[in-house]
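For clarity, chains are labelled A, B and C in written order, and residue numbers in each chain start from 1.
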Amino acid sequence: MSSTPFDLNRVVELLVRVRETKPLVQNITNYVVMTLSANVLLALDASPAMVHAAEEVEDFVGLSSALVINIGTLSPTWVEGMQRAAARAVALGKPWVLDPVGCGATPYRTGVAAELARARPTIIRGNASEILSLAGAASAGGKGVDSTASSRQALAAAGELAKTTGAVVAVTGVIDYATDGSSVIAVESGDALMTRSTGLGCALSAATAAFASVAPPLEAAAAALTVYGAAGKHAAEKCRGPGSLPAELCDALYALDGTLLRRHAVVSVHEQPAAL
Amino acid sequence: MSSTPFDLNRVVELLVRVRETKPLVQNITNYVVMTLSANVLLALDASPAMVHAAEEVEDFVGLSSALVINIGTLSPTWVEGMQRAAARAVALGKPWVLDPVGCGATPYRTGVAAELARARPTIIRGNASEILSLAGAASAGGKGVDSTASSRQALAAAGELAKTTGAVVAVTGVIDYATDGSSVIAVESGDALMTRSTGLGCALSAATAAFASVAPPLEAAAAALTVYGAAGKHAAEKCRGPGSLPAELCDALYALDGTLLRRHAVVSVHEQPAAL
Amino acid sequence: MSSTPFDLNRVVELLVRVRETKPLVQNITNYVVMTLSANVLLALDASPAMVHAAEEVEDFVGLSSALVINIGTLSPTWVEGMQRAAARAVALGKPWVLDPVGCGATPYRTGVAAELARARPTIIRGNASEILSLAGAASAGGKGVDSTASSRQALAAAGELAKTTGAVVAVTGVIDYATDGSSVIAVESGDALMTRSTGLGCALSAATAAFASVAPPLEAAAAALTVYGAAGKHAAEKCRGPGSLPAELCDALYALDGTLLRRHAVVSVHEQPAAL
């Protein structure tokens, strides 16, 4: 973490930096969330590209500012592209974000997630069940791709996962946490309605990659959680239901400023709690 | 069909049961409708998962409450996952819904649909052209994936298809029908605007799978038609055009109660008419 | 170009013709934009179908009125379907539109685009960077899939590309151009907000295919640019941000008439400028 204290002023600063640098974010992500992920990145003034084929992923990593790999709709040909892209990102020193969707649901999925977690991601972003499973917790309690555990319950596992992988780990839930294994940033924002519209967590991972191109990992993860959670809370207040939430979320990300951010988000910095 | 008479009270009861049980619905569906299908399921408080790879479909069926297989964007590797998932669902006694998108358009598509129809689906949901084609009617009159026949014209074929496959067959159109080959439930609701926004039929098939996890097939199919049609009619009244319809539909599904259901839907039970 | 002068009256005439003939438009397109492309076509009263597998693409071309091939999310198995479909469309005398998404970004992508450009597309639609790259310009200046050059800068290259491929070339940007290598139609409409929501260019290519089924290529390309740009400008005025833009765009396409078209678009016909 940088020596600058992490607070909402710092988040605004990083948001402005994303908007100014317009990072090209490469997405190897699942079919369900591609459109929303692209729209979230465009709303932040980043430039999204969905490029996954083994024939071109490595070349494209060379052009990108950051990469996100999301295993939502896995299949073997895609996994090859994911592994090549991750290796190239590490080789080039570019940040990459792993979203281990549904980790724990099937042996195949858990195996792919664990292998990617060993490929030196910069940030891992998941819900509590996914992080518990990826950290090897005995009973992860996932239900398909939705979590049955709380983010607080996964915080110790997140810290362990950060230590074993070298990645910053972000766990989302009622309260969102980002940890590097020693410091934890807690973000209070968002709204329960966000769990009733598909892919909002996945699109957050894409936004996290944009922030990872302009800041150190812990700050990037926490800034993305804060910006996204504040926009989501604002959108949830304005929309009529979960159907109209994604459009409102992108509109809110597009319009977000320091005033809205302060109205909708609280951040605090803590020490990593020990494993339970 | 259960001994309870099928009416709007029963539909409300089943809607509540879906919301309470939050079924995990596995979708092997086409790229175009994945996002909407997930959002429709989440609006109903079901938990959607899009999992199609042969490497994990069978394991995932073991976790799921119901499965939907939709052949909209076919390719051979996907067909393998579809067949494995269907067989596992039958082996485990879990309900599965077949949506034979575009059946009749090409020999490949018709062949895959026919093979899946023999794999003991619990419910088959399609438009009139698709059901006529799948039932082997001489001249199905499909136009790509849109129907050129009316649901009434396909009702006799639907009854035959129900008898040959053992599935309940739901045919959607101006009036929607669900038949097990002896009883027919007719649902009047919905709006013509629903044909001007993509994937609403496919997302209905996903909703049908959710209901199939809480009720016998004929009731499940009819309840899904009713809930979805009522929400669609409400959404069509509120939206400004087909672009804003999907968001309004999910908002309506989220907010739906007995009052809205009774305002927007009429159901009636009939005997299956003989083949023409 | 037909002997009818190209003006907004002609655009209205072609829009009516699309609505009356309801062309079946086959899309082999990228995952990100499938839903929006289908919704744009449905808003125009065309009938979209997303069919890409080598096992059925040729049969489906036989049913279709027009075809669009978009290389946004490339992979080798899809490329086989693209090539077969293009060849069949040419053999059957059906119009097809090439959208060379991200051409210039990687050697693989550029190679596939160049090969498809030699397969006799009726219309090629891209942003300035893509057209410059496809025309073989030394420095195309693409940034992933977004353009860093202006459409005016690509106009000479577009004319050259039209001559070498025999296709009409449409370049979109602040001003949109369609050229057959001798005449240029310039369209002023649209809004900068359209670059902040994903896939609007790709869905325009799908709309272009619908118009190509009812008019000669230069008129078809220009009419699509005009209708789409006018609807986009109208939508940008009505929406709250980029998140709500796509729904407003489809609503505007659905409602578009001569009055709205004249309020939001200006067209003019010019001679093709020489290469710089």
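Just so it is clear, contacts are C-beta pairs under 8 Å (C-beta built on N, C-alpha and C of every residue); 3 or more make two chains touch, one makes a residue touch a chain.
Note that the structure is predicted; figures quoted are calculated from it, not measured.
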Arrangement of touching chains [line / ring / star / complete / other]: complete
Fitted rotation between chain A and its twin chain B in degrees, CA, nearest 5: 120
Chain centre separation in whole Å, for chain C relative to chain A (CA means): 34
Sites on chain A at which at least two other chains make contact: 31, 35, 246-247
Chain C residues within the chain A interface of the complex: 30-33, 35-36, 72-76, 102, 105-109, 143-146, 195-199, 239-244, 246-247
Residues of chain A defined as touching chain C within the complex: 24, 26, 31, 34-35, 38-39, 42-43, 45, 47-53, 55-56, 59-60, 63-64, 77, 246-255
